[in-house]
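Presented sequentially are two complexes of subunit A, the first with subunit B as partner and the second with subunit C.
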Partner chain A sequence: MENYDKSLKKIFTKRLQAVQKLPKIDGSKSIIDILEEKGISRRDFMKWASYMTAYLGLSSSFVPTVAKAAEVADRLPIIWLHMAECTGCSESLLRSDAPTIDSLIFDYISLEYHETIMAASGWQAEQNLEGAIEKYKGKYILMVEGGIPTKLDGHFLTLGAFAKTGQDVAKEAADGAAAIFAIGTCSSFGGIQAAAPNPTGAVPLSEITSKPVINVPGCPPSEKNIVGTLLHYILYGTLPALDAYNRPKWAYENRIHDLCERRGHFDAGEFVQSFGDEGAKKGYCLYKVGCKGPYTFNNCSKERFNQHTSWPIQAGHGCIGCSEPQFWDKMGPFEEPMADHLFHGPFGGLGADATVDKIGISLLTITAIGIGAHAAISAVKPPKE
Partner chain B sequence: MKIKHFVEKVEGETELEFDFKNGIVNNVNIVFPFYRGIEEILRDRDALDALVITPRVCGICNHAHLLASARAIENGLQNAGVNINLTPKAISLREFTLYCEIIQSHFKWFYLIAMPQLANLNKLEISDNHILKASWANINTVKALAIFAGQWPHSSYIVPGGVTCDPTYEEIIQAEALIDDIIKFTQNEFLGLSIDEYYKTKEISSIKGDMGIILSMLKNQNMQEKGKSYDRFLTLGEHSAFTTGIYNQSLYSDANITYVKEHVQSGSKAKSVSYDNQFCEVGPLARAMLRKNNFILDIHNKYQDSALTRVCARMDELINLLIYTKDLLANLNVKELSCTLSKLPKDLEANGTGIVEAARGSLIHQSTIKSGKIQNYSIITPTQWNLSNGLEQSYGIATKAMRGSINTQEANFIFRTFDVCSVCTTH
Partner chain C sequence: MAQLNESLKIPCKEEVEFSVAFRWQHWIRALSIVVLVISGFYLAYPFLSPPVNAEPTGFLYALFRSWHEIFGFILVAVILYKAFLFFFSKQHANERVSFKDFLNPSVWISQIKYYLLIEKHPAIKGAYNPLQFIAYVGFYIMIFLLILTGLILYSNVYHSGFGGLIYAPMKFFETLFGGLSTVRIFHHILTWGIILFVTVHVYMAIYNSVFGKEGGMDAIFSGRKWKKNH
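Up next, the complex of A and B:
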């Protein structure tokens, strides 16, 4: 383990030195200066860094390295594009979630183009985008929020004065990007607009570019998953280990169910039968009122939302499976258990690899039957009073 | 002369096509070049799926959509003869979380839209601190919301018959503490006055803080004379903090949903909405007028439905709701039931309408459910009321307000006083 840590640290140090040699985008201030100006001390920053270190699954000796990675983040320009979406992902990242330091880093550092928060608008904004693509060609990180409509030659979404289609803008931006992250389920898997009958022919980002796309799904994804993915890229300079759907494993490896606070009730066969009943008051398992936690890979049960305040299951509503491909078509009805409705999406496999898709689905199907059977048996055997 | 102008930095993109005559804006065509087809997607799905799908219409007023979809189902059940008795606890929690969403949206408007745009118009430099202030106020307001709703954006804790959460006193105290912090921020930063002083003052000139800066920049631009529309207001959603009805040039009357009509607009992907074939303004100013809020009635008396009055109404609503949310929490009885309706019948047949006041105005969901499936779903969003293009004879609300502007920059700001949101308008 020690040797592993040592060689990993070597990789990080080399990478960070390389990044540090890149010119700063805004030469006037460092991230530390900006944070201090805003009343965030070095100590707070280190606290945040140690949190992110644990989050990325690194040992505590990596804290200074992660802090360094955040400090040099202002060398990597980021272009954030909005496609067909509701802006919920930006909301999650920039305003409603925390630690606030994450938002700060995004607010002030090298975010070259972000429609919602940038100062420019109109013509100027469009020039900013084209200018940024040209100026940082091959170097920038592209983050895309939203699915991409393709029907009517993509005219369900046009941007700017020349009415460029979203599809063209995304394609162009992807061509010159050093790394591409699809932020949120819409961009990762098509999302709500791609749900049957998919009126606008919305597709995920990965379908319009031949380059590898890292998917950070969720509706919305937690901002820690977004920032973590970015820090990972800065540290390693390579793409993180991904699962079959190109989701970073460090965030999407476990099921919601695995670490759920109501898991004990599932195991004991104690279920909420309908909202507002005795079981609901006691915080029993929500499987029978539609929770999709057993089929959903994400870290919400550990990380929660809004500064760790809460998450849907804590508020008494089941998980809807929002970080899974085509969950809008596969996981519904959303207030009923999955067991009766084994995956039968109207589409074939999208995502990374059709074969892996099939294997993944059949694996999940077996789990689903197991879970369904467990719930059925527990219905016969009434929970203990 | 025709000039095209793009309004970005809204949620989504809007295109304004100005038609100038004699150096002033004569007409504006508002185009939303964006469509997702959420209503089409809802068709043939399980009745309750509307609860999780409709919030995705908008990342900013998603909670209003959640409540509207639950109300549409409840109304349908009532029409089919099922009794819905929400407990006071469920009602208060729904109201609390909805008002939190409105509050955060208003803060965002003041700091992210009004501040920088007005500074631009006045050719003033302002520090970028306003982004942080917006961020702080938002983070904490939605945190209070999330204590009960699980997360924001896109919470799912409202179901027909009530809510799913069962808050403890500890959670209520947490939420109260957050609201207290936001009130402190409002007094120290936003108003530069204590809440008591604010309620005592009859003059907007005594308001200090960031709001004072915004108000003086508005006056510099003569916004008390500009941005006037039809002086016709509508509030449709029933809530403890608002009053429904229609106000038409000093006449008050009851509002009836049957007069609401949607019209297809050529060239834009958004539909326009009229009430009794007339356009009505919805949102904070409409709510203040129908609530007969004295402070805003006074300003309205002086400056009618000008851009300044509209902005003041948004400010006043923010403060009133902030104080009111504390009452809601203080009177919450945790022993009551959270949800009083058990599972819906599989073959549910129901037609219902759910109306909610969202940050930008009245939001309407109408659903037709046959054999437990959604046969038809129609969503009318607040921005459709305010940002319609108009019919042959009459201009839309925002267009009327922008007419007479001397340049596109000024017209653009007047457009923004309606709090533009493109993703909502087109859905």
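Up next, the complex of A and C:
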């Protein structure tokens, strides 16, 4: 382990030195200056760094390395694109009641292009984007929020002064990127707009580029998962270990259910029967009112949201499985257990809105009627011997 | 050995249909299926609430899950054993012989006509008629998929031990199914397939026992069937 840590540290040091040599992209102030200006002491910053270290699964001897990585984060140019989305992912990161260290770092890294927070608009914005893609070709990190509509040649999403399609913008930006992160479920898996019948033909970012895309799904993903993915890239310079859906394993390896604070009540068979009942007041398990935690891979139960304040299950509503592919179609209805999943239209529409049990009982009834009829006829007219 | 059925005076031939091993695995399997279906429905929708207990010791859901898993693994063992018997056992060659009838369309047609009360039961070479054979093939496909989806769900609950051992390969199948929620739905749908199979299976067994008059039902208890001399 010690040797492993040593060689890993060597890799990190080399990598950080390389990053540090890159020119600082704008402003004279360093991230540390800015944090201090905002009233965050060195001590708070180091606390945050040790937290992120543990979070990325590194030993505590890496705390200074991770802190260093955060300090040099302003040397990597980032282009953030908005496709078909609600800006909730940006909001998750940027709008907290008191700015977190994560959001401050994010504010002051070199966001070369971000439609929500940049000052430029119109032609100037176009120029900024083109300029950034050109200037930092092969060096920038591309973060994309939102699914990409493909029907009508992609014209369901038409952007900017040149009326380009979202598809073209994303493709162009992806071609020159050093690393590509799909931020949020829409960009990772298509999200809500890709739900049946998917009128705009929305697809995930990974389908319009042949380059590897790291998915950071969630609706929205927690700010820690976004910044953690960035820090991981700064430290390693490579892709993190990914699961089958290209989600970083350090964040998405376990189910919500595995570390849920209400898991004890689940095993005990103590369930909320309806919202607002006695069980709900006592904090019982939300499985029977539709919690999809057992089928959802994410770290919300550990990390929560908004500076660890709360998260859906703590607030009394089940998980809706938002970080899973096609969650809108697969996890619904959100306030019923998986057993009551409704099918869109099996048997040519006859079985629409039926649950497995309803279809099963119907088939069983038909079978029973068939058996009864066959037995009755056989009793009157026995089979040939 | 020709014997005489004393009461009916019909000459019958005693024939060993199912071995001891076969009968045991059949009944263990049947018991497992009953326990698995009942506990499975509870796991899908917990319809019982535990008695109120001040101390956190009444783990009702966990209890149902344990029985579901215990009988699940019993089922896995029995199915593996059954597969061995089917493919390799000399004593159970009559099962494999049924495949010849399965390939013969005229046996198919006569068998369907028999159930439509039009024709006599065809003479079959092996233990099962073609309709029975295809029903059993369907049953084993369903059981195989139930075991697979069951193991995927299991490996996500128990991350070490056997669960840890099968975690990586099961992850592959989990992705193939399209995520854990879909795996769960498939498991539920297949359960209904088994319920339908068992219903028809029991009816057919009784039917053939009543109208076949060869002690067809007895074969699964005593192993013997009393073949009429055609």
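Remarks
We adopt the following convention: the second predicted complex is superposed on the first by the 335 of 385 C-alpha atoms of A that agree within 3 Å, B and C clash if a C-alpha of one lies under 4 Å from a C-alpha of the other, contacts with A are read in each partner's own complex, and residues count from 1 in each chain.
In the analysis below, contacts are C-beta pairs under 8 Å (C-beta built on N, C-alpha and C of every residue); 3 or more make two chains touch, one makes a residue touch a chain.
Predicted model, so just to flag it, every value in this text is computed and none were measured.
In the superposition on chain A, A:295 contacts subunit C only, with no contact to subunit B. By the touch criterion defined above, A:44 lies against neither subunit B nor subunit C after alignment on the C-alpha atoms of chain A. In the superposition on chain A, A:175 contacts neither subunit B nor subunit C. Contacts of A:324 after superposition on the shared chain: subunit C is touched, whereas subunit B is not.
Contact with neither subunit B nor subunit C is seen for A:36 once the two complexes are overlaid on the shared chain. Within the superposed three-chain model, A:337 lies in touch with subunit C and out of touch with subunit B [touch as defined at top].
Within the superposed three-chain model, A:269 lies in touch with subunit C and out of touch with subunit B [touch as defined at top]. By the touch criterion defined above, A:82 reaches subunit B but does not reach subunit C.
In the superposition on chain A, A:287 makes contact with subunit C only, while subunit B stays out of contact range.
Touched residues of subunit A were counted for both subunit B and subunit C, and B has more of them.
Those residues of subunit B that touch subunit A in the shared complex are 4-9, 11-13, 33-38, 40-41, 45-46, 48-49, 51-53, 56-60, 62, 104, 108, 112, 116, 131-132, 134-136, 138-139, 142-143, 145-157, 159, 161-166, 269, 337-343, 423. Residues 44-46, 48-50, 56, 58-65, 114-115, 117-121, 156, 159, 171-172, 174-175, 178-182, 184-185, 188-189, 191-192, 195-196, 199-200, 203, 207, 211, 213 of subunit C are the ones that touch subunit A when the two sit in their complex. Every residue of subunit A that touches subunit C in the complex is listed here, in rising order: 243-245, 255, 258, 264, 266-271, 287-288, 292, 294-297, 321, 324-326, 330-331, 337-341, 356-357, 359-360, 363-364, 367-368, 371, 374-375, 377-378, 381-385.
Remark: subunit A residues 38, 82, 84-92, 94-98, 100, 103-104, 107, 115-119, 121-123, 125-126, 149, 156-161, 163, 191-193, 195-200, 202, 219-220, 274-277, 280-281, 283, 304-307, 309-317, 320, 322, 328, 332-336 touch subunit B in the complex.
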